[in-house]
Amino acid sequence: MTKNIAILTSGGDAPGMNAAIRAIVLAGHRYQYKIFGFYHGYNGLINNELKPLAISDVEGVIHRGGTLLKSARCKEMRSKTGVSQAVNVLLKNKIDALIVIGGDGSFNGLLAIHEQWQGQVIGIPGTIDNDIDGTDFTIGFSTAVDTALSAIDKIRDTADAFERVFLVELMGRQSGQITFNVGVSCAAEKVLSFENFNIQQEQETLEQISTQIQTAKQAKHSSFLIVIAENLWPNGSEALAKKLTSMTGIDCTLCTLGYIQRGGSPVAKDRILATKMGVSAIQAISQGKSNIMVGEQNNAICLIPLTQAVEHNKTVSPLLIDAQENILALSKQTDAY
Amino acid sequence: MTKNIAILTSGGDAPGMNAAIRAIVLAGHRYQYKIFGFYHGYNGLINNELKPLAISDVEGVIHRGGTLLKSARCKEMRSKTGVSQAVNVLLKNKIDALIVIGGDGSFNGLLAIHEQWQGQVIGIPGTIDNDIDGTDFTIGFSTAVDTALSAIDKIRDTADAFERVFLVELMGRQSGQITFNVGVSCAAEKVLSFENFNIQQEQETLEQISTQIQTAKQAKHSSFLIVIAENLWPNGSEALAKKLTSMTGIDCTLCTLGYIQRGGSPVAKDRILATKMGVSAIQAISQGKSNIMVGEQNNAICLIPLTQAVEHNKTVSPLLIDAQENILALSKQTDAY
Amino acid sequence: MTKNIAILTSGGDAPGMNAAIRAIVLAGHRYQYKIFGFYHGYNGLINNELKPLAISDVEGVIHRGGTLLKSARCKEMRSKTGVSQAVNVLLKNKIDALIVIGGDGSFNGLLAIHEQWQGQVIGIPGTIDNDIDGTDFTIGFSTAVDTALSAIDKIRDTADAFERVFLVELMGRQSGQITFNVGVSCAAEKVLSFENFNIQQEQETLEQISTQIQTAKQAKHSSFLIVIAENLWPNGSEALAKKLTSMTGIDCTLCTLGYIQRGGSPVAKDRILATKMGVSAIQAISQGKSNIMVGEQNNAICLIPLTQAVEHNKTVSPLLIDAQENILALSKQTDAY
Amino acid sequence: MTKNIAILTSGGDAPGMNAAIRAIVLAGHRYQYKIFGFYHGYNGLINNELKPLAISDVEGVIHRGGTLLKSARCKEMRSKTGVSQAVNVLLKNKIDALIVIGGDGSFNGLLAIHEQWQGQVIGIPGTIDNDIDGTDFTIGFSTAVDTALSAIDKIRDTADAFERVFLVELMGRQSGQITFNVGVSCAAEKVLSFENFNIQQEQETLEQISTQIQTAKQAKHSSFLIVIAENLWPNGSEALAKKLTSMTGIDCTLCTLGYIQRGGSPVAKDRILATKMGVSAIQAISQGKSNIMVGEQNNAICLIPLTQAVEHNKTVSPLLIDAQENILALSKQTDAY
């Protein structure tokens, strides 16, 4: 039996979204389904910006950043009216299943639709932040980490040449996944994230970092990189940089990597993850599944209830935090020789 | 109690080996161990090319390809005399534990040493081929996949511009891990590897691929990429290219990516994997472990018997093979519109 | 007065061709010209594969490798019949000016058309080989050099780790521009190209290189890279690698970089060069110019007779050759300390 | 006759400085000169941080960003006392020639030394800003442009996906070289730099850009990138972003690329330029030259008086400005179809 399946991408774009769209289209055609795309996220759903997606539409897109379906934030989806309009458009177009590639905000929209609509709803986790439960990795995360890492490798050159202190602020919303993974990879002298910072110990943390900076300076360590999560420090990372500068008497400069972290050609891991998820989404639809997210756990694809995906229980690997805090960060302990 | 710990890198070099050495040195110093390096692999062990490794020796190396300890193939280790010499050097230097970063050949050497020596022996899987059992990933694999992918993305440009057929040969020895992961990531029209090719059906395979190429050509598909594993095709990949050219009447050109796959700055995943494994190796030594390999399964570090690591039972994910063969490769099925 | 202007890309593709097409389209529309593209090079001209090029067709293409107009080799253009057919198509479509982006073969085709056709003919040098006279750089050359360089930087990692000898063969047809520029950039121990190799001294050269390799080995120099131009060595680069291996007793391995050198996102220099040339081509057409190539000399755009462009008098900078041969290559002279 | 030659790197670091140091060391040894390095720029000269530079010190550095001699800003050199101290250190170490790789500030220091010291002083232009007279390019400029371009290519992905307006601020101090070259290369919808902005027409410019943004939005142009030079806009680029947001009612977001522009592995052009300049500096010393800068004009090395180098008369190519302003930027003119 054929089905009409619609896709949309929503929330912050993430490298690999196009690979997921491609996989959905290829797998969908294999199942004789008709595949459509709503452009501009939920706005396009509400406004009925619908186009069929042929196989030729997804040729030559697997390696491109961004999303060919465009994305957008959509306030209307937070209101009942907006959701009703979305449902009407789905009904009008006789859509049987809706696949949304996005983050937790996007999934909340999907849950709202599910309450009013009989069709199948499937989520695919596409966000660089890797803050979705029920999947070890989200599409875009690996690319964002490598992009940030390449940028910091360059900053390290200057930091080393001038023996300077830099704070580098990374994206991730309320999650330290990017920050910790990049921090360990770039051999940061200090990683500051939600997982190891307690706002009640702000002063203590400041004093600890100041001491570390001064110790490193005295040891003529060539440079000092602090990798910090956005949204972490009270009053912002710039305030922290200024505070550290005044406390240590050493110039501490902030670099905010910003939007380069969202773009770029996806790395292999994101293309593969996106491809597997896209294929699995179509398979799940063929099996009549609904109200689920396609995830990957322990290298195997899994389907989890959509409600679980947005619970925000995901944590950074304690081994990684422990290694960074207790072994890697303190690189200036005395040599045993 | 302090220990004398020696490291060596052996076999083909892999991006991330330096990150592993760094982690071992940092963690070792944390445990008050003395860390040494044998240079030039097992040759250096036999010839006693030993140097202490201070923390300053591993600053600024996490992002570098190759191995600061140098590597080499070593025939002597296949003889009893060679192993005895190695053991003598370990005894003479009062080494308590030996960590070898390498592939299965390197681990066989380590097993031979273990038979004659009381010290602790620890393996860390470092090879781009990802053909070691007991670990989901080996150090260097992720970087090699991304390096090959970037190269093929460029070849795709030319293939598209000229609507040409290219065969791209990838490394991996007897394993299809690199080939399948790269093949899916680059949207190859065909992946040819140990997992989906039966030498008894050579003729059948040739005819199938020829038909696919001609079908694609008639459909004016812009290009056709065949990704093939080294050591797969009888008489070599060049012979296959010539055969396909003569069978189809269409020029099929071979590109052998070669040694660029072994080098380059490691991606974040390899730096993190290497860091975790290096730290865990020291922890395992502190717990008196021996004759084990540090692996990673389901995103968690594990210790497995060294003998299991070299069994060659590892397989490419069936989901990936199935998706490539049955959904992604046949991109020229008729559109449903 | 409006004009109908057609573009085609021909010969080997080169990164930056899309940037040139974009500039022609934007500048052409600015002059109120109608811009068309013939697809698939001269084949498309002969077969009348013509499409209008709107501004929206060239959005989002400046950073893409390959050519959106496709390219192809075209045997028919070497015959009078082919040229006549091409001219007929130009007349039939009332084309006033034809811009060809390509190398010397492509320009010879353009010269043949010019003999039979009253319209304006303009060449833009697009080839990675940089073997066109009358312009310091051709579109694609800078990107190809950087692509080859990145690949060799990775090969250097492995060469250093194993203290190995590698020969790396580079593209360039009969020109050493790529070879010398890459050779100097990657700190090659030896550069072998048309400019510094005399086939009559084959034996002498072999002995000289063998001695250099052995000297380097004795001095424990970590690696030895020979960068060699394709089409240079009698019987091919593989034969040279084998000969050096047997003469030195040291394994000399060949890496052929191949088609990766043609693709990839163009570097800034190629995008800017292509943009300037595209804009200037339209300006030249508006001024009634014909039978010329747009070149760049001493950082300024110039127009030169098309016949001069294909004379093959271009040489590699003697300073570069001299520096490489007499100062940089002999890196194993004794230190003055 | 042998000479003692000292090198230092000063001012902002630039990719390719290591390649220049390598060339100086190799060429110097060829001439039987003794080569030394002062570490940490002029500070190291004043404090006598001198080390000999052997050939082995510059192996494996050509591809590394930063500077192995370290750099630093140095206030003391602005005072007579500082300069006298520097001269004393040069005399004490019997230095015959001093080569400084840096920007205009560094050259002013060199000029001050020249007034009090009989030795030969040679400048090599190393700064990403390309704001030195007498040379078409400075070491580091080409790499910085490509680094910024790669970053903006990624930002474009997000901008396209969300159809957003981004301002991207680039380095360059008081020069628009980076800004214009990057702006043209990334197909910026608007380039704002010293060369095309008049502070007296601030309001006019604001209104013009606002109109362009709104026109593009209405035309459903996918994204709008404004590339802006640092130090250009009164009260800073953030203020401009806010103003445009309030004037257009469309969110205009600022991305400051920052320090990633200074680091990274140098591109081929910078490695070659640095190599040629380093070799030429030694040749100039052998010829008894002093008080000069080694530059490159029209692809040929030249020597110019050091005083000319710091005159700040360099301008961005008018062709580039004109093309950007009048042809490329206005990509929303009506199609001729």
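As written, the chain order gives the labels A, B, C and D, with residue 1 at the start of each chain.
Note that a contact is a pair of C-beta atoms (placed from the backbone, for glycine too) under 8 Å apart; a residue touches a chain by one contact, two chains touch by 3 or more.
The shown structure was predicted, so the numbers you read here are calculated from the model rather than taken from an experiment.
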item: If a chain touches chain A and chain B alike, it appears here; value: none
item: Reference chain A; chain at largest CA-centroid distance; value: C
item: Geometric centre distance via CA averages, chain C-chain B, whole Å; value: 34
item: Separation of mean Cα positions, chain D and chain C [Å, integer]; value: 28
item: Between chain D and chain B, distance of the C-alpha-averaged centres to the nearest whole Å; value: 40
item: Per-residue overlap in chain C, given as positions that touch at least 2 other chains; value: 153, 156, 160, 222
item: Of chain D, residues touching chain A in the complex; value: 9, 12-13, 15, 40, 64-67, 70-72, 147, 151, 153-158, 160-163, 166, 222, 253, 255-260, 262-264
item: Chain B to chain A touching residues, read off their complex; value: 2, 22-23, 26-27, 29-30, 32-35, 52, 54-56, 59-60, 62-63, 136, 142, 145-146, 149, 153, 156, 160, 181-182, 184-187, 221-222, 265, 267-269, 271-272, 275-276, 279, 297-301, 317, 319-320, 323, 326-328, 330-333, 335-337
